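Below: a set of structures, written as structure tokens.
Two complexes follow with subunit A in common, the first pairing it with subunit B and the second with subunit C.
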Partner chain A sequence: MRYAFNESLKDDDSGDHDQDQSSPKDSETIKIEDDEKEQNTTKKKMVVPGAGEHPLQYNYTFWYSRRTPGRPASTQSYEQNIKQIGSFASVEQFWRFYSHMIRPGDLTGHSDFHLFKEGIKPMWEDDANKMGGKWIIRLRKGLASRCWENLILAMLGEQFMVGEEICGAVVSVRFQEDIISIWNKTASDQGTTARIRDTLRRVLNLPPNTIMEYKTHTDSIKYVCLLSLLFSLHLLL
Partner chain B sequence: KWYVPMNLSTYLNFIDIRMEVARRRMIQKHLQPTRPLRRCTYNSKHTAVKSESIISYCRTFYFCLTGICVLMSVFIAKISYSREFLMGLASCPEAKIKPLFLPDNPIILSEAVSFLFYFILVVFFSNNWG
Partner chain C sequence: MIGNLLFHVLYPFSRYINSRLAETSGNAVTPAVVKATTDWDGASLTVSLLPSQTTLVHHSGETKKRVEKEKKHAPKTDMESHEGPRQDADSEITEVSVLQRDAGNPNEDSDKKQDSEDGCSSTVDCAGLEAEQLKSLQTQSHVQEEKLTAVEQIQIQTSQSPAGSSEHSCSAEGQLHTPSKKNLQTLAETVSEISECWDEYTLLSGEETYNTASAPQLTLSSLPSGTQAHLQCVEEHEEQTCWHFPHGPGLTQEIQCKPWEFPALSYYLPMEPAEQLEVIWRVWKELSDCNAAVERIPFQFSDGSMDFTVMSYNILAQDLLELNQYLYKHCPLEVLDWNYRYNLLVEEIKKWTPDILCLQEVQENHYREQLHPALVEMGYSCIYKCRTGTKTDGCAVCYRSKRFAEVSFTKLEFFRSETGLLNRHNVGIVLLLRPLVAQGAALKESGPPLCLANTHLLFNPRRGDVKLAQLAIMLAEIDAVVKSCKVKGEHCNVVLCGDFNSLPNTPLYQLIVTGELYYQGLPAWMVSGQEDLSYKPSCHRLSAPLLPGSLGITDSCQYTSVNSLKAGKCRYSHDFMLQLRFCPAACSRPPDLVLIPGVTDLAPDASKPNHYPQRFRDILQHRLNLESVYKHVCPDVDRPEVTTLHSEVGATVDYIFYTPKRTCPSHQKPGEKFPGEGLKLTGYLSLLPEDMLWSMNGLPNQIFPSDHLSLLARFQLDLNIS
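Let's look at the complex of A and B:
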């Protein structure tokens, strides 16, 4: 039973599924508050493009999260796990960060890289995300680095042409496969989601038979709530 | 009882009065053409002033609109880059400077990754999905 539960967690998608819906412990709360303060102070310091640099349409922030796969999700807070790496406002600044980070293909364990617009947290509960969803592509091992790079370059270069709909992108390194996903603001806007899907196919040069799945964040939340409930029942029994 | 003057003098007097009224009307009609002339002179000046002000307003509006459009195009126009352009900037010296205040984390490298080798790999495997 436990094994099956852990497996089902692993098999879920895109790195954000292990967001904890339960309230953290008191000791954790203080830490989270400190983290929030840190993040808020970072937010206030808006990055700007340097002189002669190529500005981006939006400022972006790199995030990194890692979870110990064996540990149940309920004991850890998703927000506690996710670490802000830094924000950038120009192409040059992006390369500075990117060239000093290891590639997703070299990551080990249950790790995620997130690249989100500055001010948007890579969480379902964020105001920009709560009505949104994501396109998910499951990749066999060895393709994550290239796909991730193509995906974020398309996002930074404004290749999706869907206005302000894009929130960010995630690459999730898992045991048997890697998952990349792109998050948008409005899940109900079918025209936008279709355009994102088509652009994704083009920029990643995906074969026509590639399975792409769209998942709303509300569905993801329901799924995690159900898992938490099942896990609680499992502990009780 | 009704009093009806039936003598001739009264009848003549009545006709005279009618004639006088008709003459007055004729005089009034004769004076009428001066009005339009005066009105015309006044109006031409007024409309000339008005048209000048309208033109100046239009000019101002046009320049304002143009200015706003230019500003809007600067702020609204999307800054987009192709993948090749972005990749081209990866090898610039600015891209190799390590950002300040990076967190102490195993995912952070001490030195920048060379993109030349990586770029060759990407080109080589670009259509190889296996």
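Let's look at the complex of A and C:
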């Protein structure tokens, strides 16, 4: 994986590629996991832009997850439920994947799409995420497809202007509402989070009364732990 | 002193009478009132060109005419001796007005009217000279007149009196030199005469004088609302306007008069050739509140700001005029002659000497042989771009080289052979200037750059799509210039002007001023709104994407190249990314994409680009924040302004857009972030409503050499920004 990063640096030739959101150790672990899952495709993981294509600042990976409703997601089950769809390095490659994927608004059940920088897993525990947080926007049904597209186009097109702070974005299709969120690395960096919020407002064309909230992942972890605990207790009793 | 006292005593009384007057109909006018007004009449009948005066003449009719004809001859000789010294000074003005009068009324009514007006003027003369005689005459006239007329006269006086400030120096007596037929016109200007009359009256009898003096107030309440409004109008004008070119007395009133107060348009006197005559048809409007009494110094750099003027003018290429002669059938042949028009044009430019001059429809040979040399002589540097194809005209941008230095310019051709859309031969110029500031003897570049754009979009009312695409090219170029300044850390102000061949508040206009336009399904003719073609069964409608990909311009009116790798960053706008959505590379299924039913089994379909509302893709946008100088309604008369007029159309199609000062940025630091950014509009030359132009025989005419009017605006630029 580290090798792959170096390669991308060479290819991109942008000189601005000092991204280190994945520590060596982190890359290692991912690699191990990836190897475990799909050993034969590991070599192809680090995608490069095709000739004449428009390179993205970072490579990204699409993920898809579907949860069985009724049970709170323990970390374990979450990791098992989530699937990688594919990675891309250019605008053209992004559209190749995106165009073949169902729009979030048309997804059925309890499903999520995740789009994260290559090398960052869409989990709180990932090194890039563990100090981070996310902006959450709850949408009434019918808005998710458009908002999701606007959000990821802004993210891929580097419209947020917060350096390397962005980790990825998630759209969660739920029963009565849909939720979109964008994750960043440093929850305590208020300048960054404010900037992300303002950009979101601009690019999403949200209805004016839409509520936006920021959640740190540590809070989320605590909350879920509490829930799990309660759930276990409930089972025990 | 006594007079004052009397005034105060009599004022309530006169108010009372006045109210009586208002209550009772014309027949019931009390003798006292009649008498008071009689005296006043003597002085104030000098009003001639005012619409209300015309009304008077109109109404008073034959009786009065006869009466006054009788008196006509008496005063003349006397006046000469009385006011001898003033004659010389005034004679010029008198001549002017005579000419103006001459020009007037081609219809048969004019003679009759002149007669009656002459009558009025002689009354005035009498008043100035022999009060006794006047009195008897007036009384006589009043006896014979209908009472209604008397009331009307009162009204006229009143409306006139506020305008009676001493700024008008022309005297009634001066006119007496001129043939009596023409006297009346000049008398219009002689408001100062009023005070003279008062003097005379004072000698005679104080009471009468004060009656007279109180007349204006007295009649105020009884005035019909229309007259009151007019009165107000005149007052306002005296407070606020700042005249920017020499003008004869009385002309102020002329401009201020509301067209609808004319009994018929034919009473408004159209112009005949009269070079000496300088009529102010168009009024300079001051907007800056802080310096209402701006003295126009050519180089004005007060506290770090600089004033400059911009003129946009479609001067009507002679070739086009000859090609479309049917549009100018209303014009006398001589005003269509190029040399005649050229002289007027140069005069007009000289009169205003705008710092920046944007011309459209400049015929190439005329530019090369006449206009360019003349402009260079006036101190302008010029950039010219002829239209492509076989067209012989083009756009020119000229700036006074003492005020601005050129940084760069681009000549734009809108014709793109590779696209079906942009197949018309229109052009534009985008110029980057930097203000010059006098430092001692030398001129130094200073302050923020100014991007100046001039264009003439396609005329064809049915091809709104082409107009939009042409505009997009223009905006993309401006955007590139602004961005190039931004890279250097400078804010660039923008002035975009020209003939856009689109009416106000149409989609094209909306795109410019609001920065976005949803165009899906919009009928092409509606874009410019020049003609209502909705009756046509099949009309071309716009559909996304409007701009062909080969144009290299995004829906945000930006060059695509600007979005690509810049400073090592891969930043892409929303629109840019959308443009690649259905590129061939994006339509093949990735080999490594796992097929998950209901998740990854969608097939890209360019014909159905979206499942959700279309509008998010069918949009043209720009980020320039532009505002129009003109508001498209004449503020005084509350009617649409027109910038062009010929036998088929009278409408606003020319504009000056500019980046206004941000009044209060919505960010946390109010006023801090962009202290000097943007331009402040401090004044502009007012346009005219259509009927007023028709009263001058339409366009072009002896005053305005083109079928468009010039647009002129003054801006203030903050020089103190880093």
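Heads up, the rule we're going with is that the second predicted complex is superposed on the first by the 184 of 237 C-alpha atoms of A that agree within 3 Å, B and C clash if a C-alpha of one lies under 4 Å from a C-alpha of the other, contacts with A are read in each partner's own complex, and residues count from 1 in each chain.
As a working rule, a residue touches a chain if its C-beta (ideal position, glycine included) is under 8 Å from a C-beta of that chain, and two chains touch if they have at least 3 such contacts.
Model, not experiment: these values are computed from the prediction.
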| item | value |
| --- | --- |
| When subunit B and subunit C are modelled together on subunit A, clash or fit | clash |
| First (subunit B), second (subunit C), both or neither touched by A:Gly105 | second |
| Which of subunit B and subunit C A:Gln176 touches, first, second, both or neither | neither |
| Partner chain in contact with A:Ala154 - subunit B first, subunit C second, else both or neither | both |
| Partner chain in contact with A:Pro207 - subunit B first, subunit C second, else both or neither | first |
| Subunit B versus subunit C as contact partner of A:Arg96, first or second or both or neither | both |
| Touched partner set for A:Tyr64, first subunit B, second subunit C, both or neither | both |
| Partner chain(s) touched by A:Gly86 [first = subunit B, second = subunit C, both, neither] | both |
| Stretch of subunit C penetrating subunit B in the combined three-chain arrangement, among 343-351, 379-387, 397-405 or 613-621 | 613-621 |
| Where subunit A meets both subunit C and subunit B, residue numbers | 50, 53-57, 64, 83, 85-86, 91-93, 95-97, 99-103, 107, 111, 146, 150, 153-154, 156-159, 203, 205 |
| Sites on subunit A touched by subunit C in the complex | 14-16, 41, 44, 50, 53-57, 64, 83, 85-86, 91-97, 99-103, 105-108, 111, 142, 145-146, 150, 153-154, 156-159, 203, 205 |
| Subunit B-touching residues of subunit A, taken from the complex the two chains share | 50, 53-57, 64, 83-86, 88, 91-93, 95-103, 107, 111, 140, 143, 146, 149-150, 153-154, 156-159, 161, 203, 205-207 |
| Contact set on subunit C toward subunit A in their complex | 564-565, 568-574, 576-578, 580-583, 585-590, 592-594, 596, 598-604, 611-613, 616 |
| Sites on subunit B touched by subunit A in the complex | 78-83, 85-87, 89-90, 92, 94-99, 101-103, 105-109, 111-113, 115, 121-122, 125-127, 129-130 |
